[in-house]
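For reference, chains read A, B, C and D in written order, and residue numbers begin at 1 within each chain.
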Amino acid sequence: MCRFLAYAGAPLLLSDLLYRPLNSLIMQSYDAKERPEPLNGDGFGVGWYVQDIDPTPCVQRATTPAWANRNLQNLAFKTRASHVFAHVRAASPGMAVMEANVHPFAYDRFMWMHNGAVADFHKIRRRLREGLRDEFYDMIAGTTDSEHAFALFLNNLHASFDDVTPEKMRAALVETIRQLDGLTRATGITLPSYYNFAVTDGNTTVVSRYCSTADTPGASLHYSRGRRFECGADGVCDMHAVAEGAHARAVIISSERLTADAEDYPDVPDNHTITVMPDSTIKLEPIET
Amino acid sequence: MCRFLAYAGAPLLLSDLLYRPLNSLIMQSYDAKERPEPLNGDGFGVGWYVQDIDPTPCVQRATTPAWANRNLQNLAFKTRASHVFAHVRAASPGMAVMEANVHPFAYDRFMWMHNGAVADFHKIRRRLREGLRDEFYDMIAGTTDSEHAFALFLNNLHASFDDVTPEKMRAALVETIRQLDGLTRATGITLPSYYNFAVTDGNTTVVSRYCSTADTPGASLHYSRGRRFECGADGVCDMHAVAEGAHARAVIISSERLTADAEDYPDVPDNHTITVMPDSTIKLEPIET
Amino acid sequence: MCRFLAYAGAPLLLSDLLYRPLNSLIMQSYDAKERPEPLNGDGFGVGWYVQDIDPTPCVQRATTPAWANRNLQNLAFKTRASHVFAHVRAASPGMAVMEANVHPFAYDRFMWMHNGAVADFHKIRRRLREGLRDEFYDMIAGTTDSEHAFALFLNNLHASFDDVTPEKMRAALVETIRQLDGLTRATGITLPSYYNFAVTDGNTTVVSRYCSTADTPGASLHYSRGRRFECGADGVCDMHAVAEGAHARAVIISSERLTADAEDYPDVPDNHTITVMPDSTIKLEPIET
Amino acid sequence: MCRFLAYAGAPLLLSDLLYRPLNSLIMQSYDAKERPEPLNGDGFGVGWYVQDIDPTPCVQRATTPAWANRNLQNLAFKTRASHVFAHVRAASPGMAVMEANVHPFAYDRFMWMHNGAVADFHKIRRRLREGLRDEFYDMIAGTTDSEHAFALFLNNLHASFDDVTPEKMRAALVETIRQLDGLTRATGITLPSYYNFAVTDGNTTVVSRYCSTADTPGASLHYSRGRRFECGADGVCDMHAVAEGAHARAVIISSERLTADAEDYPDVPDNHTITVMPDSTIKLEPIET
């Protein structure tokens, strides 16, 4: 089922997300709290943007466990970024542990992550692929449901990538969920599918929390916003509250709370998307399927 | 373009193929002699059969260079087998270095290797896949032309796997070449494609040497046969000649000569297959396309 | 703290130890039962002997988690052996995840594994090394306490390796524990050290269960013996009882019980060694320090 | 023998050193020009400084070939730095391919690389280690002569790290060479040793070119300086000349010329050090041994 987090806001040191919080993403790689299985040891990925060089993200991925990776650790303590995706993987049964299956997936300026699974994915894979334009058919390098969903998303962006708006990104994401629902339903799949998808273009971030079965809650998803997220010299990490009248400058969306302050990490409501706009404001909207 | 070798015959120690000959496959991983680029450092694989346990092969693959792999070395000096495939990879430009792209590919009792490339493969990939039955469509885990050709081969085996004969294996291999020729021709691809394919079911081995362009020689391919292939305590490796009236018990088919004795390693003729029958006799037959 | 198992007896398929039991070693790599932390994901190793080829073991090691390793899985289902060591690692804090730190360690005909840790090892490392003969000083390739203990053991074998007897192996192992106790005591280290060591020469296996602090139990260690250990087509794995008057032919010594039948896996008593003689008889002897 | 490069000067994109020049370091990983063996495929490392975060370097290392590493490629095209070390490794015979053996080595604010080898290193290793203070004895994680030479260098820095000056760095480097010469001479080693060492603290860089045998030239070493080093949109990489009266702002020191302009890459004279001062001026000084 994996664990992920997305950050958007004022530049922060990656280690303040990945290593230093009590329930950091690295901690979640071997001791996740909000899923029955604590282990997410089948690889990890992290991506961020260096907008003054290039609009495409810098992605680092590996199939080895995040907790033991010294390259990741060295980088995280030396890199600041304002849009960050990070993911630790628990491979679904039968899905190979190989680099092409590690999130985040990247294409052009976009990054994509998934926490969840398409039930009986192998039954819909061929039909899903048949509907793709060649560019996105050819883009798929691995075998995961997650990457195939990314191809659907890109296929749904009817704009050229340069014209992408927050509205178009969200619409393409919701359309992807609808198509997956359609494909599984048409194939007679009744098991629940979980679609916590996250996508960013380096300016806007959209994340969904969704389960295909009406009465089943989606996989855990939280958000946190404030003036700044920071880990002090004392090792305490905090989302600092926004002063009255001031503006939030930092948003974290993550499978798990990073710290013990539950009130800092409300749930994203079931069957909703959360959008972080380029100015760091957020929108919670129901998924109309 | 890669380098490979296939062995069929009396059980021999894998190290006598992989490590000990002057021009062993490990040597070919960093200093190949019969191709312009000496380097085949994008991974390796080896597979063999333990028929008293199971008809499926034991395959070991890695994306790291063969020359530095201690696991491979330890295994090779401790393992005897009578049907062996081994391959060192030079990834074609654009083809990812990942385990799913490493030869030999295995499915049920079959192993498959390829030395060469389908020219402009990405232009025919989608059409090729569309013709596959679901079982073989779903089998494809990587992105190489080589694995897709293996799927075609399996799709062409109109027998159930239990009824496979040497004739049916060869016919399915030749049909695979024909289909690839048809697909590239229909797509207007005129660059030469190279189809040195090797397939075995643990009893019979068939290898092709073929180039799609009439006047271009196929990639190098040699064979060697005799009573036994062996490396002595003095480090000298030899294919021992068959005594008069006796029977060859050892056949090597390989991209390069393993030793300096050129006369021990005649060429497989261009546009031919070589078949090693279960009793170690061989057949050289032209490919009728 | 790691998990390990040693097998001695009639040849069995490695998968019957590593994959098929309910609490197989692979299961223990991500869900160990008899230690507080369930995870042993920092690499694995397995070694066995092919005595008709060579008296040195065939060792396969990797720094990646055992549960996702396809090479290990392929090998385990194709390999039979009569002396097997296997280990899944949980790196002690500060110990690098690198191949040279993965158990079993091998030298000449010996394999060595450790479950436990020398408390404050870095404080005694330099003195420990100073006492070694050059051959064993030079042998050390990694940084673990475990490999250094192996060097001590080899240094203690006052016989040439060809004259090694079960008694000499056990004496050298007990002497190693004594020396470690001496070194830590002399350095003022009072934290408990855990010395579950396993060593084999392919004929005899000796395993210790020991804690340096008088009243602290050693790390869990069980043994199981019978006529044969086997996993049936129904997936049930059993140590078959020895018929009256007959001889045990299979002995497992392991950190955890492989199956739920607790009575099949008695504890090795605290501060004892267990020796499996070449004829599969066992001896339990107190460690006299 | 390896290949390396060091850069000091105005911030540049790592890809302009590693990927884009005709004879980039990646090219040298599989097709080096100035050593008899073209292959340096036993891992790579790159390190740089982010001085506004921390005085210690950010190091990324891997044991896999540089040419196929996508993480390295992604990083190199997104990272700018003003002090860069990069190395592609050809493991000396008998030296393990493991991460702890990959250059650059880092400790506190220092990075260290080596191109060359201490002849018969195993004969002096134990004595070399005996002379180290505990801190640097304990620092050694791998088995290479190169890392042991780094430990000697650090041991020779009689200043605390905060007081390090260019003069003290150079003196400690020259002293290291002297000590190695003394150790090999005392052991009766007469084969030539090659000591192209590079060290930086993020402000000053010192590189030596040295062979222990009087009449043998050192391994190739070049330098290049100018106003700026840059790869244009046309793919051409140039060291731009300094305008009259202006100041050089970019210095490359490398085993091989990165471009075909031989006059841009004079040799560092044999048995000399080259020092790049914090203001980018350089000093060439003979090694007085």
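A few comments on the model shown:
One rule holds in what follows: a contact is a pair of C-beta atoms (placed from the backbone, for glycine too) under 8 Å apart; a residue touches a chain by one contact, two chains touch by 3 or more.
Because the structure is predicted, anything quoted here is derived from the model rather than measured.
The chains touching chain A as well as chain B are C, D.
A rotation of 180 degrees, rounded to the nearest 5, superposes the Cα atoms of chain A on chain D. Averaging Cα coordinates per chain places chain B and chain C 39 Å apart.
Under the contact definition stated at the top, the residues of chain D that touch 2 or more other chains are 99. Put simply, chain B touches chain C in their complex at residues 13, 50, 53-54, 58-62, 70-71, 74-75, 77-80, 99.
Residues of chain A that touch chain C in their complex: 30, 38-39, 41-42, 63-65, 68, 91, 97. Only residues 96, 98-100, 122, 125-126, 134, 137-138, 141, 143 of chain A touch chain B when the two sit together in their complex.
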